Every structure is written in structure tokens, then in C-alpha cells.
Amino acid sequence: MENFKEKLTRVEAFVFDVDGVFTDGGLVPLADGDFVRTYHARDGYAVTYAVSEGYSIYIITGGRGETLKRRFDMLKVTGFYPNVADKCAVLRELAEREGLNLANVVYMGDDIPDLGVMRMVGIPVCPADACHEIIDTAIYVSQYAGGKGCVRDIIEQVLRAKGDWLKHTVGMHTVKEGEK
Amino acid sequence: MENFKEKLTRVEAFVFDVDGVFTDGGLVPLADGDFVRTYHARDGYAVTYAVSEGYSIYIITGGRGETLKRRFDMLKVTGFYPNVADKCAVLRELAEREGLNLANVVYMGDDIPDLGVMRMVGIPVCPADACHEIIDTAIYVSQYAGGKGCVRDIIEQVLRAKGDWLKHTVGMHTVKEGEK
Amino acid sequence: MENFKEKLTRVEAFVFDVDGVFTDGGLVPLADGDFVRTYHARDGYAVTYAVSEGYSIYIITGGRGETLKRRFDMLKVTGFYPNVADKCAVLRELAEREGLNLANVVYMGDDIPDLGVMRMVGIPVCPADACHEIIDTAIYVSQYAGGKGCVRDIIEQVLRAKGDWLKHTVGMHTVKEGEK
Amino acid sequence: MENFKEKLTRVEAFVFDVDGVFTDGGLVPLADGDFVRTYHARDGYAVTYAVSEGYSIYIITGGRGETLKRRFDMLKVTGFYPNVADKCAVLRELAEREGLNLANVVYMGDDIPDLGVMRMVGIPVCPADACHEIIDTAIYVSQYAGGKGCVRDIIEQVLRAKGDWLKHTVGMHTVKEGEK
């Protein structure tokens, strides 16, 4: 049977939930109806770097709002699907349109609304503090919690498995930066 | 004597305090006099799901402000009582009006202003980090702290006891989502 | 020699620093030059309750800004001294004006700017995570960190020593609330 | 071979990254495109004190925005370089212009974009929770995480090594304060 590291070398795309994955689950409603969320700079670096290396990164979230959109615009993700009630339907369409083999897709989620999608992909993963149903479904549980580097962790693992991590940061003069 | 799980099968309604229960107790005053608070996405999911399954969820809080109100409007709670000085009076009225048997009501609070109400209901519960007087009064102390999933924990336990948890998330195509 | 609990029965007033005591030290500068800080609801309850019981609570801080002032107005503290460069001078004046015996004053601070004042009072105390110089100077180190209940802890201890804690919360109908 | 403490006595300047060093890596994007970050009051005190004692403190960051600039203006740092894509180039220019010997410069960073600069200076240090590549490169790993006092830690160690820490806070009447 194929092990986890071998699976990583076949990854075609990453799909991420937002709340509880890019964040610690904390939601701060503001008076104007928008929400603010706290992201982690090191996750942001990994996303930007992976995209610049040609990786596809999709966001599928039930969340919405201008600030949320802006964050993922800034990170230059491949696709951003907010306000999603049925994640399975969105992922199925996305896979068809882009010709993705779901067996080679990483999905990282943390809560019940992610359960269905976790079962659709070949590489379901989750943060250290995902809900127990998700932890039972994941083939890899990051040592990092949501908002504390779990996104960075899985991106780094895939890029290492493919030989793409730190490829452009070996010399002193070629440091690449995302938002930092 | 009836055990905790048996009590849960008789739950008629949930009543929650806000600060220290839905949040970690953190309060961020803004210049305009409003406060911002940080909620947890997984608590929000549980509240929305339980209400959609027909459960009654009431909020009784000494807090006030537009942002607070907006949060609980969004979660579609059954009743929202802000700016309350005497929680016992509000709960008594509520129980009479709705015909609730207080023996079958869950109340989750964390601090001294909750002591009286904790003693009024049959199922007083609290977050892991409630003040010691509250912990002494609760019949169940969640392993989760305020703002870190204690609301989700008690809702999930009641819905599991009644066979309503994950009822609509078994298949891949029926994932229900709250705000996510 | 008098022990800590005996000292507490003689307390005439509380003096608190803000950053690192009422907060975890976190400062969030905003674009308009103001700062936001995260306070703890249970500290707020204790301050409001103690003041309503007739205790004197003073704030002496190097911090400034409208939001800071508003917070302590709301808690109805006895005196609020912001933007202070020399805390010793302010405390000395305050003590003279109010006729306070510094031997019976509690001061809680967390950092170097508090060192001088800690040495002026009879009951210097600090949060669990104060800087090491302050910890060396305090006669009592709370088990709670700044922003996590250290203010509540020392207030509760003094009021318990004097028989004033929970005095008005014994019955169900006399729950007193601060901002909650 | 020279040990760490001896190196500290030769420090000519401090250079700091911002995200993950002055902060815990948390980034809160706002609707207007700016970011808010949470700084630590005790780091702020150390920076202000060191600068007032004549130390040079530079900030080199990939971050940008009005709020970020305002924070370091307020701390009166010696130089502030935002929006930097190539930290090595900026540091090299800075060193030439100011006549700094890079062997005697402290650099504290936490992530891949800091790797190149960490290798340029004689005293590369990092927070407890830096990424593993940075931890491997640092000659000193603070026991404090980013945003939790790691800046204060390295400044205090250098100033102690040079006999400048607490120099102006021995007496009660000469407490110096930064923003507190």
C-alpha cells in the first residue's frame, strides 16, 4: 500500500477551508456586518511561494465578506469560492472544469461542514485541533493547530516531497517573499 | 439517581451567557463605545445546526451593543436578552412564557453574575475556565474553555444523547452549514 | 511578622498599571493613532463590584488615548491617571491628597516602569508573567497572567479577607453585575 | 572560540523583522487594505529604552501600511524599512551607509525570507517559535515566542552584557518609561 509521502508526490492541487484552518476559529464580527479574522504570516508565505512555483491552491468556504476576499486576492490563490453551502458540489464542478483527479487533491478542513469533502479527496488532512469527526477522517493530522501554521505544514510537506521547497532561497540574493 | 446522560435526553432548551462562554472573556472596547468580541466558528456551527433541528437556544447577558446583537441575530438564536442586570428574573419570565420546565433547561455561565441562574436550572454547566464558585455549582464542567468550544461541546452532547447530531451530514451531498 | 493574609485585611486602596496587568501586554495600534487593548470580563466584574462595595481603585498608566479612558470610566474606578511618565510622583501626590497610608496600598504592575512604585507600597503584587525584576519585588505573584484574571485574583483575595466577597450574591434575586 | 555573551558586548546595532518577531505572526486584514497587528508592551518598553540609551535599532520588513509605520515611528527606532523584497540588499546598503560591521549586528527573524540576512550577520537570533530552518541558523533561540517578549529578551541581554540595563531605573525617582 502506498504511504503518505508517496501520495504527496502526486499532489495536483490544494483545497483549503478558512475558519479553523487559516485561523484558530476565532471570528470577530464588526458593527458593519463584516468579520475580521487573524491569519498567520507563515501560512501566507507558504501559499504565495507555492503559487509562484506553479501550484494550484483553492479556497472553499462558507464564510463571506469583503475582508475575506481581499485576503485571498492578496495571496493570489488560484481560485476562491466564498459563501458555499454545499462544498461537495463546488469541489466536484471545480475538479471537472480543471481536470483534477480528486485522488491527487489535498483537502484541509476542521469541522462538520468539511466531512463530505474530506471523503471525496484522496488526501484529506486537518489541523491538530480539528473536531474529532474530522480527525477520524483525515489521513494526516498536522502537529499545528488552525491559524498556527497547519497550512504551512502541509504545503511545505508537499513541496519538499516534490523537491520544490526552498528551491529559490538557497543563495543570499534570491530570497523570495510573499507578503513579508 | 439519574445520571448526566439521562438528564441530557430530557433537555428542553439551552440558555447561554456570552462573555467567558461564547468568548474567552476578552473584551475589546472601541472608541465609539461598542465592544468587539472573538467568537469561535465551531460554536457558531453548533448553534445554527441545533436551531435548524428545532432546538431552543436563548442568550441572557449583561453585555450590550449593536455588534453583540448582530452576532446572535446571525446565529438565529431563539431569544436574545442583552443588558440584563438580574438574570434570574429574566429566566423566570422566559420559562413561564415559553412553558419551560427549568429542571430540563441547560444553563452555561462562567462568573458570579451567573451563580443565581445556575441554581435555578436542572442542568447547570460551565466552561473549563469558569470561576471557582461556578465550577462548584456546575454538574458538568466542559473540557473546553470559554470561546474555545465549550458551547459546541454541550450542544453536541445533548444532540448526541437525543440522536440528532450529524443526522443531516451522513451523506456527502447533504452537508449542512451554519455560517461556515 | 505579619503574614500576607493579615496585610490584606488592612488594605485601604488598590492601584493598578494597565498594560500587562489588565491586558496580556498586547497592544494593537490603529491607523488613527489610538490603541485597542483586550480586557478580561471577569476582571471588569471584580473592579465594578469592589467599587460598588466602597473600595478605592486607582489606575496609573503610561498609556493614553480615548479608548483607554473610556474603559476605566465605564468601570467607574475611583481615579484614572493616564500618560504618566513618573508613577512614583503621581502615587505620592495621590496618597497625600487622599490621606492614604502607603503601607496599606496594593500596587499591581508587570514591568520596569512599575519597579519604583512597587517599592513605595506595602503590598506590591504582580501577574504570573511579570518581568523577572518585578517578580523579585512582589510579595505575592498571582497564579493568573496579565489579562487572564490577575486583577480579579487580588481583588477577590482582599474582599474575601475583609468578608466582602459574594456578600451581595448569596440569594438568587440579588445577583449584582458589572458590565456583564 | 568566542562565546555568545562575549559577542553581545560587541553589538553595534539591532535589526528586527516584524511579523513573527514583534508579533506572534497573526495578521488581521481590514476592509481598507491595511493590517492590524498585536505588539507586546514589554518589547515596546525595551526598544524605547535602548534607543534612549543610544542604541541603533533598525526594522526591515516585507510588511507595509500606515499602521505599521506609525508603530515604529512611535517607538522612535533608528531606521524603518517596510515593503522590502530583498532584505539582504537593504541590510548591505544600510551597513555601508552607517559603517556597521555586520559581524557585530544582531538580526532577529522567524521565517524563510529572513534566512539570507541571518547568514549575513554575526549574531543571528530568533524567537522560540521560528520556523525550523531559522532555528537551525540562529546562534541563540529565545525562550520567548514572537510577540511574547523575544525582542525584549535579546535587547535586555545585550544591554546587560554592556552594563546598560536598568541603569536609569535604580532609584525610585528616575523611572524611565517608553509608551507605558
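As written, the chains take the letters A, B, C and D, and residue 1 is the first residue of each chain.
Criterion: contacts are C-beta pairs under 8 Å (C-beta built on N, C-alpha and C of every residue); 3 or more make two chains touch, one makes a residue touch a chain.
In this text the structure is predicted, and so the values were computed from the model without any measurement.
Superposing chain C on chain D by their CA atoms means rotating through 90 degrees, a value rounded to the nearest 5.
At the far end from chain C, in terms of centres built from Cα atoms, lies A.
Interface note: chain B and chain C, two copies of one sequence, contact each other through mostly non-matching residue numbers (shared numbers fall below half of all numbers used). Per-chain CA centroids place chain B at a distance of 31 Å from chain C. Computed from the mean C-alpha positions, the centre of chain B lies at a distance of 43 Å from the centre of chain D. Counting partner chains per residue, chain D has no residue touching two or more of them. Taken together, the touching pairs link the chains into one ring where each has two partners. Chains touching one another, given as pairs, are A-B, A-D, B-C, C-D. Across the complex, chain B is touched by residues 32, 34, 36-42, 44-45, 49, 66-67, 70-71, 74, 147, 149, 152, 166, 169, 171-180 of chain C. The touching residues of chain A, counted against chain B in their complex, run 17, 19-20, 23, 25-31, 33, 61-63, 84-89, 110-113, 115-117, 119-120, 131, 133.
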